[in-house]
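Multiple structures are listed underneath, in structure tokens.
The same chain A turns up in both complexes below, where it pairs with chain B and then with chain C.
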Partner chain A sequence: MDPMAAIKQTFFQECEEQLVELESGLLKMEDGDDDLETVNAVFRAVHSIKGGAGAFGFDELVEFVHVFETTLDLIRSSRLAATPAVTKTLLRASDILADLVRAAREGGSADATAVQVIADELNALLGGAPRGDEEDNTISVESLDFEPVTISLDSIFDVGEEEAPATQDFIVRFKPSAGLYAKANETLRLLRELGRLGETSVECDIGEIPLLTELDPEGAYLCWTIRLTTSVSEQQVREIFEFVEWDCELSVETADVGKLLEELQESLEPREAPAERAAVAITIAEPAEKSVAVAPEPQSGPATSEDHPAAGKAEAAKGEGSGAVQATIRVDLDRVDRLINLVGELVINQAMLSQRVSEAGLSRASSVVIGLDELEQLTRDIQDSVMAIRAQPVKPVFQRMSRTVREVASMTGKSVRLVMDGEATEVDKTVIERLTDPLTHMIRNAVDHGIEKAEDRVAAGKPEEGLLRLSATHRSGRIVIEVADDGAGINRARVRQIAISKGLIPAEANLTDDEVDNLIFLPGFSTASSVSNISGRGVGMDVVKRAIQALGGRISISSVPGRGSTFSMSLPLTLAVLDGMVVTVGGQTLVIPLTAIIETLQPKKESVHELGSGARVIATRNTFTPLIDVGAVLLYRDEPIDPTSQVALLVESESGAKCALLVDAIQGQRQVVIKSLETNYGHVHGIAAATILGDGRVALILDVDAIVARPRADMIVAELPAAAE
Partner chain B sequence: MAETISRVATNEAKEFIAFHIGAQTFCIDIMAVREIRGWTPATPLPHAPSFVRGVINLRGAVLPVIDLATRLGLTQSEPTARHAVIVVQSAGQVAGLLVDAVSNILTLTPDAIQPTPEVASEIARTFVKGVVAAGDEMISVLTIQNLLPEPTLDAA
Partner chain C sequence: MVTVRLPEILDIRAASPLATELLHARGNPLTIDASNVARVGAQCIQVLLSAHATWTTDGMPLSVVHPSDALLEALETLGVPFTKISEQESTK
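Our next item is the complex of A and B:
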């Protein structure tokens, strides 16, 4: 890869991060967070993208980002209030920005009209900033708690700039140290930057230059005093020196200290005075918030925390985000995977060693056994820590969902609020990557079909705005992700009717509510009577189910008519290890993934029936399930043996087909490290992968799907109770 | 293959590992050998060709073991702990070759390797690259590439 491409790649990686940062900041603002730090974070994100885009000459991108940035700058300097309408536009702008970044990376082009529409909207915000605020005063009285109420010094100075630029003088004293030059900074450039802010008069103090004999060629002896007449805030002046702060002596003072004091005084007085002056920029605050207005620390409006269960979380997250910036490094994924493999080997080796020691019959109190116990503990800690490297919070995926909700909601003309919970829950990177598609599909479904139209909601006595809750939690070694809507719930009568009309269930089938709900996961089922371009793409919930099962997860739905439905997915935390049932078949040890197993059975003579030549079925609670002798399928033995001497495991494949697998004996349940067979050998039918057991032997992991798929013959009808006469 | 031929053309000596299977002696290029270890019971693979003994654990990697006796059409003996597994690498694929015993290391110049005598056995023509006279013994030089199972063919 040429160096330029490598840098470009880094830029795009950073863009991804900035976009996440941007969106999370905007969402916070939408929730009424008016912290200046949040606005600054959003501004920084956009600014960084602009910088990089400019360097690489992505003109289209730069052009858009510039407008975006300018708008944000207005908000940052409190010249534009972040009303819900404004944040909505900004959020859409961030979506467009994401599209543009993707277009730049993939060399394509974004939807030009969409870009133009948003750019125009942003421009409208820019041009009409003062006027827009007046409008807001009249229309958004009820949403006043969203208004920024922070009065910072710069906002006072900036106030009313549009009509009468309030300029002031700064005295900037700047004395660079040698370190500044060593880091390739350039005084001239900084001075030029200052010059751009307003009128400057620069004096250079050369008094400290020593005699030539004593002069260190790499030393710094010059000191500048700049008098700057500008309309920008002190903070903006200081920002120019942001990157050299540590390598210089810098002082920025207003030339007229008296004037500053006066204005400070004013800001502390009853609100009317500054509000009058700032009529254009500062919207009227409620009396209750006056105390907030003068407090330096911004606070969320009181109304937000009540109906936002996530608000507390958001606060906490903010504290994390702005307080301690955690140091991170970029590491090649291959290296991490290699480390994980090595630790996997370590775990196996440690298990082998333990087994050898216990075989050697050493006393439990012997130092070897005690040392080994400690080693075991350590090994487990190392494994957990290494797995944690691959683990990532689900936040980025969740955030992408908020865009999906916005898009689908605007397409369907519904108003939907997405509440996220537990975004910090961590799960393996691969799981996260493969979670996006099914989750998007479910979210689309929930907004499109789950949540009713506004008028129906009002008629049902529900708030006009639909609520969609996306949550993630850790539960007993797995991650549980839930998508809950407060819509109409599943229309069971219709689901039933569709299932019957499509021949998925017999007409006389007697199903429980739960069974009816889960019919929507059957292949070939789609409830949308009119196929919309949102969720009707010829794929149904069965695709979602298959995707989740491919990850070793399970999905279920629960629904209350009129109150909404909840999809619940349970996924493994990592794909490197698997919970398996260790069984013996024909003298060989096999592992069957635990997620596929429904229950274990002891076949009785009377419950096993011959069906045709050689095929057998087993009756369990009036259902006939094909019986498969694993030993025979894997050619471990030629003759099928008596099922009653064996154990049957009732399994369900990803496609929902059920089967009973005959094995000789069950050894127990164990977590195993997954090893590929393909690396050195190739694919083996009926085998998903291999693993290494405590005794150092290789055990094969059964591919339940492949085993079940063989005799599958339209079992969906056969397995339902009603079909078993 | 092309690489092997070009190396044979140059006149430098190369090292080979010699081993026994039954009464016959074979050798392979030492550069392809990663290690030699004792036989440990392998886990049989379903639907595998008869010459694939199964898979073993090589420090965490799953390694197929090829029974060279069966592969070369010789009489197969039940492996014991005294049998050796030569771990070889070829084109990114790692596999173990089950042999009766490893005898020694030979240094051979390309001149010393004679072309395989014309015999009827197809197995000899497929796997034996040439023969070497060592005293009154004949050692067959094997090509590793052809010994390993084709991954694609094994997908049942």
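Our next item is the complex of A and C:
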């Protein structure tokens, strides 16, 4: 990747983080948190985005951020009160900001009218507040200029700094990239300017200079450590590097912190010469608004960002303010995935070893077997830990939902409050990414259809403001996400009527409440009598359901008339491993996901019934369940097989449909590593993925839904009366 | 013995030609006449540093003679000792 693109990518990653900070701060303010620190956190987030956006020349973005920032500045300086109306506007402004950032990233453009509307609202707020002289309430061309350092935050973070001692020692570490020179900037000039601030002693690290044959004359090999004794603030020191911020690695520390850091570095890397290395990787988390070090090429090495306690008020400045400072490290996703893959291989290898040992017929008490058990435990632990690296809190997704709620509520003229629970619950990154769309749709639906209009709510004796609860919890190795509204609940009579009119169920079908509720998941079902702007985007609940199922999850609904509905989704924590039942079918080894299996049975002759054209059902506990010969479906054999010689696995597909699968024999239960068939080969109907077993053979993982769905399509009408008996 | 005379302006555009010129002189004892230098940037200093390292590796002598004030000032500002670009002390 070229360095510029890499820096841009970093910028957008940081934007994402800042947007999350921004929104959580604003939500806190909305809840009545008037702590100055919250306002500051919000301000900082917007300010950082502005800084980067200015450097990259995203004018549209800068223009908007400028107004936004000015408004926040007024609140910060108590010249504008953060009334509910104001925070509402700010929240919507943060939505627009997110749009603009996305537009900047994808090279498109945001909805100009929407931007203008909010910008006007913000300007109106500016106009209504007593203004300081320096404020400018119109967006003039001059005000668009990128001026990241004109607003000094020093006084907020350190009141004592105003009467700070006359001089202070700074250690400035500076490593320009080739891009800095290419843009006609010159280290020499920067160092001269630095020299003007006070007394400097400059040390140049020439250790990276190659021989002439290897030298790129326009490359950048030097880095500098400058000790500066000055009376100016850190901010002013940084200002010198303002225009080269993106083209260098820069750290500015007060000397004592610098020393601490060197000690830390020394303890971390005893073999390295600390003075030469220190400038490269470690930076101190800033109490101020800026990111300290900008690595031009993130791939060149893992950058460690240490939040050092000595950095003072940094903890308090962090959004949550929840005490302990956590050190984090930004790692390329590819590296993590590679590690996960390798651990997958380790698991397989370990399984192979176990198999060899058991084939060798060693006693269970032998030390080899015991050692192997320990190894297995260890492997599992490693696997869990590695999976935990990919795990991310659902918070960002949840927060996006608060925007959806705001938008839909304002479109439908309803008043809805979103309460979130368990945002810190973690789940695999892939799951999170693919959760946004279905969740957005469910939230839209809940606000649009679930929650009643204000007057209807009042008439029903409920508070005018609707309540939407979004929660996440871990439950037995899965994550359960619930969307609950306190609306009218599902109108079952109407659902039933629609289902009949659309031919989804026979008119005389006798369905339980649950079954009626679940009808809304059927393809082609939509309760809104007219296609509304919000829910009717050609997506029904069936799409939501399919998306959830594609993630290996299931969705269910419970509804109480007049009290509201709850959709709950249960999803696997990871998509990389699976607990499965290993079975034999027609001489082949298959894996059936354990989550789908309800029970196993031995079919008896009298319980199996022929049904017309070769289809069979099995009677279990007074219901008839379709009996499917897996071997026949997968074309392992074409002769019908005698069910009594087989084992039946009663499975339930994600849609709740039950089926009995006939297999030759059950081998056992095992955790398997999922290997995608699509990536390596192609899609095969009835097969979800593949895995490698202990003996090194490839086994296919059955796609229970696909197997169950096919014959059921012919049978659904036949089954309903049986269930009604 | 080869002598290379440095141009007046040693900015980023001068870096490549300078590197090429010095590289041509490789294998010979080298004298760099720096009396004309009026302006110099960090990248040309890099080239000089690299040249010095190269000649040292080759076991060949390299000296920078008659350094101009501009060059000496630049070296000082950048914190690069003169002995890192020349085997002899400044003979100005």
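The rule is short, and it goes like this: the second predicted complex is superposed on the first by the 419 of 725 C-alpha atoms of A that agree within 3 Å, B and C clash if a C-alpha of one lies under 4 Å from a C-alpha of the other, contacts with A are read in each partner's own complex, and residues count from 1 in each chain.
Heads up, the rule we're going with is that contacts are C-beta pairs under 8 Å (C-beta built on N, C-alpha and C of every residue); 3 or more make two chains touch, one makes a residue touch a chain.
Please read all numbers here as calculations on a predicted model, not as lab measurements.
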item: A:Ser676 touches, of chain B and chain C: first, second, both or neither?; value: first
item: Touched partner set for A:Leu211, first chain B, second chain C, both or neither; value: second
item: Which of chain B and chain C A:Glu186 touches, first, second, both or neither; value: second
item: Touching partner for A:Arg335 - first (chain B), second (chain C), both, neither; value: neither
item: Touched partner set for A:Ala690, first chain B, second chain C, both or neither; value: first
item: Contacts of A:Lys604 with chain B and chain C, given as first, second, both or neither; value: neither
item: Touched partner set for A:Leu634, first chain B, second chain C, both or neither; value: first
item: Which superposed partner A:Gly195 touches (first chain B, second chain C, both, neither); value: second
item: Chain B versus chain C as contact partner of A:Trp224, first or second or both or neither; value: second
item: Contacts on chain A seen with chain B and repeated with chain C across the two complexes; value: none
item: Touching residues on chain B, where the partner in the complex is chain A; value: 40-48, 52, 54-57, 59-64, 93-95, 149-156
item: Interfacial residue positions of chain C with respect to chain A in the complex; value: 12, 15-16, 18-19, 22-23, 26, 40-43, 45-47, 49-51, 53-54, 57, 74, 77-80, 84
item: Chain A residues within the chain B interface of the complex; value: 341-342, 344-345, 348-349, 588-589, 633-636, 675-687, 690, 692, 696-700
item: List of chain A residues in touch with chain C within their complex; value: 176, 181-182, 184, 186-188, 191-192, 195, 201-204, 206, 209-213, 215, 217-222, 224, 226
